[in-house]
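These are the structures in question, set out in turn.
In what comes next, chain A is part of two complexes: it sits with chain B in the first one and with chain C in the second one.
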Partner chain A sequence: MKLLIADDSLIVRRAIERNVAWAGFGEIRFAANGRRALEEYRTFRPDIVTMDITMPEMDGLTAVDAILREDPAARILVVSALADKSTAVEAIKRGAQGFLLKPITPESLREAVADLLEP
Partner chain B sequence: MDETILRVFSACATGYFASVAGEPATVGTPFLPVEAGDTAPADFTAVIGITGRRRGVVCFSAPRPLLQSLLPALGESGHGDPLCADLAGEIANTIAGNARSELGAAFMISVPVVIAAPAAAPAFPRDAVRYVFPLAWRSHRAALWVALEQDAATA
Partner chain C sequence: MNAPDPAAAPAVTPEHALGTFVGHVCRYFEQIGGSRPEMLEPVLERRPSPRLANTGYMAVAGAAEGWIALSLPDALLHRLLADLGETLRDRGALLDLTAEMAGTITSLARAEYGEHLRVSPPFAIDAAAPEPPLPVPPVSLKLPFRWESHEAYLRIALLPPPASP
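Then we have the complex of A and B:
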């Protein structure tokens, strides 16, 4: 299994990587903005993507749109600090499979990733 | 600036530290800055631009020791300046983003810009109401500055 982590914070990228070790991803790649996440998705074809929203160059929701246009089966977990309900609803409406509010905890991340891994 | 703003930013700042480190920050009574020293920047200052119904900035300014003390709670063993800057930006982003729970999606936030060792506080919008939220976590002191113009919908 492969995981792509998109977040403009190095600390958050590494925290997510550490806290999904239990899932046994064989390869994990990283992107610091939405444009890079889209590029990585095209070549890497991960099983799961975690996607921040507020990022430079291309925001996460735009990247979600772009990825799902190319691969409607993409499984994307949006991980964002934007706590209004409409943002979570919008992410799901665009095709993300889950929404996780920052600050993340190991438990909340585990639960969200486990949900995405279910067949 | 209305009471909601004061309450939500205090709660979000407290909550960030409680969630990440298991120890909430103590947020003192917000006050209007009068002297330059009231917004004297610490080692790292992260600035979030606000657009939408309100325009302005949200800034988190913290000394290096606070950030270095918090890094292990996030799983980091290093404590260099790039990590401190990254953390300051993420704290500002999380507090401002979490504030949308009450301020709504029209409270639009930018990506953080982090300034290391700034000589002065960032320029606040001229017509903005400015508030200083003094913050203490463990033995460290930091500050959240919120400067927002009046809500365009009620102006």
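Then we have the complex of A and C:
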């Protein structure tokens, strides 16, 4: 299984990596903005993507759109502090499978990733 | 997503923002560091006091124009990084976490105002860096707090709304 973590914060990328160790991802790659996430998705084809929304160059919602246009089966967990309902609804409407509110805790991340891993 | 109608934007005043931000600062520290900070007396400043070692900024636009800054000492960040299970302690890591905290707290506060308050990606600078090119309001609201004996502050710097015709 492969995981792509897209977040402009190195500390958050490393925190997510540490806290998904239980899931046994064979390979994990990282992207610091939406454009890079899209490029990585094309070559890496991860099983799951965690996607921040507020990122430079290309925001996470635009990247979600772009990835799902190329692969409608992509499984994307949006991880954001943009807590208003419209943002969460927009992410799901665009095809994201989950929405996790920052700041993330090991428990909330575990639950969200476990949901996405369910067949 | 359709662009929000600016005319429908609710007003964002520093006083209202204060209440919103106090709650989100407290919740952030409680969730990540395990305890709430002690909020100290807010201060209106015409000339901003010096920045601490690490300051994270997030520009806001739409319902309010201006920026939010979170200024934190190294020791507080070292403690939070330890709580996160992070081993990095270099300046890059401290600034990264500072920007992430400023961005998270501001974005959470945006829930009060919805899509009418637009936020930009956060950035952080150290104490020696020149002031960032952000609009300077006549006064800003400094919200000091103490967490685990470390003093820090949040600054809310919003431009006054344009005068009605």
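Rule of thumb we're sticking to: the second predicted complex is superposed on the first by the 119 of 119 C-alpha atoms of A that agree within 3 Å, B and C clash if a C-alpha of one lies under 4 Å from a C-alpha of the other, contacts with A are read in each partner's own complex, and residues count from 1 in each chain.
Heads up, the rule we're going with is that a residue touches a chain if its C-beta (ideal position, glycine included) is under 8 Å from a C-beta of that chain, and two chains touch if they have at least 3 such contacts.
All values reported here derive from a predicted model rather than from experimental measurement.
**Q** Putting chain B and chain C onto chain A via the overlay, clash or fit?
**A** clash
**Q** Looking at A:P119, would you say it contacts chain B, chain C, both, or neither? Reply first, second, both or neither.
**A** neither
**Q** Contact-wise, after the overlay, does A:G24 reach chain B, chain C, both or neither (first, second, both, neither)?
**A** A:G24 contacts neither chain B nor chain C.
**Q** Applying the touch criterion given at the start, work out whether A:L82 contacts chain B, chain C, both or neither, answering first, second, both or neither.
**A** both
**Q** Just chain B (first), just chain C (second), both, or neither: which does A:P103 touch?
**A** A:P103 contacts both chain B and chain C.
**Q** Thinking of the overlay built on chain A, is A:P72 touched by chain B (first), by chain C (second), by both, or by neither?
**A** Touch partners of A:P72: none, neither chain B nor chain C.
**Q** State whether A:L61 touches chain B only (first), chain C only (second), both chains, or neither.
**A** Touch status of A:L61: second partner only.
**Q** Starting from the residues of chain A touching chain B, keep only those that also touch chain C in the other complex, and list them.
**A** In chain A, residues 8-12, 14-15, 18, 54-56, 80-84, 86-87, 102-103, 105 are touched by chain B and also by chain C.
**Q** List the residues on chain B that touch chain A in their complex, please.
**A** 16, 19-20, 71, 74-76, 82-83, 86-87, 89-90, 93-101, 103-105, 107, 109-111
**Q** Which chain A residues qualify as touching chain C in the complex?
**A** Its residues touching chain C are 8-12, 14-15, 18, 54-56, 61, 80-84, 86-87, 90, 102-103, 105.
**Q** For chain C, which residues count as touching chain A in their complex?
**A** 1, 28, 31-32, 81, 84-86, 88, 92-93, 96-97, 99-100, 103-108, 110-111, 114-115, 119-122
**Q** Could you list, by residue number, the parts of chain A that touch chain B in their complex?
**A** 8-12, 14-15, 18-19, 54-56, 80-84, 86-87, 101-103, 105
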